[in-house]
Amino acid sequence: MDLLQFARGPALTWAATVFMFGITWRLVGILLLKRSPDFSEARNATSWLGAVKLIITRSWPRREFRQRTLFAQSLGYIFHVGLVIILFGFAPHILFFKALTGLGWPNLPSAFIQLTSGITLAALIVVLVRRLSHPVLRLLSNFDDYFSWLVTFTPVATGMLAVAHFGARYETLLAIHLLSVALLLVWFPFGKLMHSALIFISRGTTGALFERKGASI
Amino acid sequence: MNESDTLGASLVRSGVSRRSFLKFCTAMASLMALPPGAAYAMADALSRAQRQSVIWLSFQECTGCVESLTRSFDPTLEQMIFEMISLDYQETLQAASGEAAELARVEAMKSSYGKYLLIVDGSIPTKDGGVYSTVAGVSNYDRLIEMAKGAAAIVAVGTCSSYGGIPHANPNPTGAVSVSDIIKDKPVMNVPGCPPIPSVIAGTLAYFVTYGKLPELDHIGRPKVFYADTIHDRCYRRPFYDQGKFAKTFDDEGARNGWCLYELGCKGPTTYNACATIKWNGGVSYPIESGHGCLGCSEPNFWDNGSFYRPLSTPLASNTHIIAAGTLGGIAAGVVAAGLSRKHQTHIGEEK
Amino acid sequence: MSTAEIDSTHPLELDQPRFSVKNPEARYDKQGDLSDAQRVETAMRYFVKDFGAVAATYLESCIHCGMCADACHFYVATEDPKYTPIWKLEPFKQAYKREAGPFAAIYRALNLKKKVTVEQLEAWQALIYDSCTLCGRCTLICPMGIDIASLVGLARHGMNQAGLVPHELWAVAERAQREGSPLGATPKVFKDRCEWLADENQVAIPVDKAQADVVVTMSSIEIMKYPDSIVATAKILNHLGLNWTFRSDGYEATNFGMLSGNSAWQQEASMKLIHATIAAGAKLLILPECGHAYGAMRWQGANIYGKPLPFRVLHISEFLAENTKNGAIKTKPLGKTLTFHDPCQISRRGGAIEAPRDVLNGLGAALIEMKDTKGVNWCCGGGGGVVTIHRADPIRYKAFQIKMKQVDDAGAELLVSSCSNCRQTFDDGQNHFHWDKTMLSLLELVADNLEDK
Amino acid sequence: MNSLTHINIKVINPLPCQSAGLSGNTDAILHEILALLEAFVATGQTGAIDLHSLPLTVADYEVLRTTLGDGEVHAHINVIGKTEVRETLYPGVWWLTYYNMEEDIVADLLEVTTIPEILKSPAEDVREGLACLRDLTGAVTMM
């Protein structure tokens, strides 16, 4: 079995298995913890509306916070949007999803994907530099932050190299790219990357609790 | 050296003019991307060389490789290689049969011991003592060991002898292996392809006859002159790949417009061969030009790389049952973890 | 440190703009005689006890983006990264990951998250208590929607059980538990005061009526420092002709058990009010101008009681708003511009955002909103028990400068709020900076301008 | 669709083109010829360029063909398919095109030399020819 076969075969299978195993473990482990009933008289009965509202509105900062968080927010948006475009717009990726789910959709031009990848990589590097240099971020950061950055950065970088056939033979680059994705999948449930699922739960929880009280969300 | 023993002399005897020989050398040099001047040096060296003794062993194979070489559309040019070699044993082509044939092999081995070139097509079954393929009562394995001893070099023609090929494909019932899996102490060159391009077989043989050594090989034993680039690198449809224009089915608008076949499972990006440049049937076409994706036949394990129509960027197998089991396991682990935490918390509550 | 010692060597200081215990010469920021190991063990157990699904969701969700720092007045005022709100929870998070999270077994087995140490907990005392007013501004900036303030509140439970509460906060909480009030407003003092105020102001102040429709509570800060609020409350309720009463078995609305992290004390204080209201057969419990008292009773009271409360709970500003809107309270036009400081626990976290504005609207006052107002208002810096802690004064004053600038920029003639703890923090800040703005009480403003019937 | 010819396959030219279908490689080739010719004049060193190995468009070929033009010599060799040998407008620069029996180009070369090897009569052939001629004329074989 060569590297590419390993990457496309067992590596992806087991990475996906660990991914699903870890995600369900973590989510079930959190959600099944005890929950106390709230007997207080609700100000607003439709607390689920608050959950929806906060999930949507927290996607951009309130006017009052805009000035202080503009840079961080923009940076976050750039690389997140970039990742989404790359992940869901690039033809080979769509084929990947189609093979898994049977669902396909039109792809974006490859040149546009390459440009997006370049911008995303640049933004990710700025993210890292900022994390290393900003006093607050440096204090907060731990292994998870840096490793999660690495496993996000690597697939983008190796993907770009594979598309450009640069640095090694294509099958090697493709294998490395797929292995880096496997690493991402394996790490995903155990680190902060889980925020892509938890963001809805966390925002929704606060939104519902606060809407009940009529508190600011 | 007696001049009448030279290749040049023997060519003349068999009616090949020196100009046509030079033309052959020019074509071969161009094919192998040798420096343009090399054709003359090649012709010069060849005409003064002795005919190379070649012993060709066919093992677990389909004879497609020999067919490819002998039935090419352009017989005179590629087949000229047969003028340059003394094919002392080839079961399909030789006139002799039975004991006479085996005797010819032994004879050739003795007379050219240490100098003959051993060509192998077909894989070597190793299971059950190699009983699945025998010639004259001798297993392919034993015959290869025996014949490899006196060979100057070995050329594995075709994917079967190079990498095991189709007999090696899962579940590999005969325990088929490649030449290089068995022979470790001789230079082995792989000329894979199912079958290899005739000019590639001829070109690599011409190189050995000319220079007395194997050309530069890549990491899996293939001559770099023919196997340095992927089909994808040299594909005329490549610009469509770069633009992200893909045929989605074999008869859609994209297919009619000649768009890239990546999504239809083309293995061009990971297949190293010269099909896109040399092409087949005398340069007429090659699979992609005929509208079908590359199967990757010159690569190891090409038969086991999922469906020929499965795009390269997709997982090889959809092991949904394993992933589903993982998901269920995760739910179980989550329930246990939450249960333990709750129990722990209740315990603390009671302590108080 | 024993109880007697607290009373004798660290007495209350009631002659300063800010009421607390005197600044201790020697600090005792550890309570009880637990060994270090026991303190850690206790803190862990009580941390773990609190990790329900909600807290777990929050603790799992943090992406270390650091934005919460930009919402926190202590960080913005000092730019010291340790005041980043989520950093204040580091040992708490550590305990969660190690002891209660879904991967706790792995974290423990591989020691990926170290055990929390007593040094860590001591160092974090200053972050969990001194530099967090539980104002929840960070909750509004968090892109993951994590309610950081609620987590700090939970973290205080373990700290309290481990005996790691700042000296002054523990002293007032302990006194509140023992005497019924953190600042010496014992039932006797309270009753005497009401009697004296009634005489002095010619206003009926019913105490301990056996039956009443409305039970009213006060904050000890009001009782001891702003007794006019008692008079104002009485005036308004009498004006409305309601059958109301104070109850000497349930008058103290502040809950230092909650602020210091002592759940048992918190429960006891809340149950007093609940029982008193039920005993009076009242349908309404009015909470005074006190921020955390609102959160403690309005949103946690029923959960402490274990079932829905058999009466309504209103903050005085909500009560005033209801009666202003229905026309029961009529006031003389104020004719002045004013700006309103939203108390965090009532506005941002309590949900009573529009009530004070409805009241001010009824007063005919020209309300000039501050730049960041309502839910995103800057905290005064004194909530969550911080104002009692002398050690926290330097950063509290720094944070207060943000507030002063906000008020000055609004440029209104009057400054009003509806929280006596904010009010005393403002008084203290005004005194410290020799500022020209004095914080007024919304309640008193209404009472002073009542239209005679 | 009743015949294969109705299948509408358009084969496109893969090379990136700048203008008028040119890849830009012709300039490079012309400069290489110049360098080879200079070297040949100075030192007598012959040289060659294998056009088959270069990515050239149809338009490139056309430009090269018209730029180099046809010189005085145009020879045909008939061995296993034809071979065309042309001198260009620039003496010493030869264009050799080798075809197989199916008339596909198997090699396409530009040579810088006085006369391409393939035009010369090989010495052995000359000797053999001499022998044959002697046999024919009955002269005494001296070899």
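In this document, chain identifiers A, B, C and D correspond to the written order of the chains, with residue numbering beginning at 1 in each.
Definition applied: contacts are C-beta pairs under 8 Å (C-beta built on N, C-alpha and C of every residue); 3 or more make two chains touch, one makes a residue touch a chain.
Note that the coordinates shown come from a computational prediction; the quantities given were computed from them, not determined experimentally.
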Judged by C-alpha centres, the chain sitting nearest the middle of the protein is A
Please indicate which chain is farthest from chain C, where distance is taken between mean Cα coordinates of the chains. D
Quick one: name the chains whose C-beta contact count is the highest of any pair. A-C
Gap in Å, rounded to a whole number, between the CA centres of chain B and chain A: 43
Measure off the straight-line distance from the CA centroid of chain A to the CA centroid of chain D, and report it in whole Å. 59
Per the C-alpha centroid definition, the whole-Å distance linking chain B and chain C comes out as 80
Between chain C and chain D, centroid-to-centroid distance (C-alpha), Å: 96
What parts of chain C, by residue number, touch at least two of the other chains? 51, 100-103
Mind pulling the chain A residues that touch 2 or more other chains? 25-26, 28-34
Flagged in chain B as touching 2+ other chains are 333-334, 337-338, 341, 345
Just spell out which pairs of chains touch, all of them. A-B, A-C, B-C, B-D
Residue set of chain B touching chain A in the complex reads 230, 232-233, 241-244, 246, 262-263, 269-270, 300-301, 304-306, 310-319, 322-331, 333-335, 337-339, 341-342, 345
Can you tell me which positions in chain D touch chain B when the two form their complex? 7-14, 16, 46-50, 52-53, 77, 79-81, 83, 96, 98, 100-102, 104, 106-109, 111, 117-118, 122, 124-125, 128
Help me check something: in the complex, which residues belonging to chain C touch chain A? 51-54, 56-58, 60-67, 69-71, 75-76, 79, 81-82, 84, 86-87, 100-103, 139-147, 298-303, 305-309, 312-313, 347-353, 371-372, 374-376
Which residues of chain B touch chain D once you look at their complex with the stated criterion? 8, 12, 17-20, 22-24, 26-27, 29-31, 33, 35-37, 40, 73-74, 76-77, 80, 235-239, 256-258, 282-283, 289, 291
Contact set on chain A toward chain B in their complex: 1-2, 4-5, 8-9, 12-14, 16-34, 91-93, 95-96, 98-100, 107-111, 113, 165, 170-171, 174
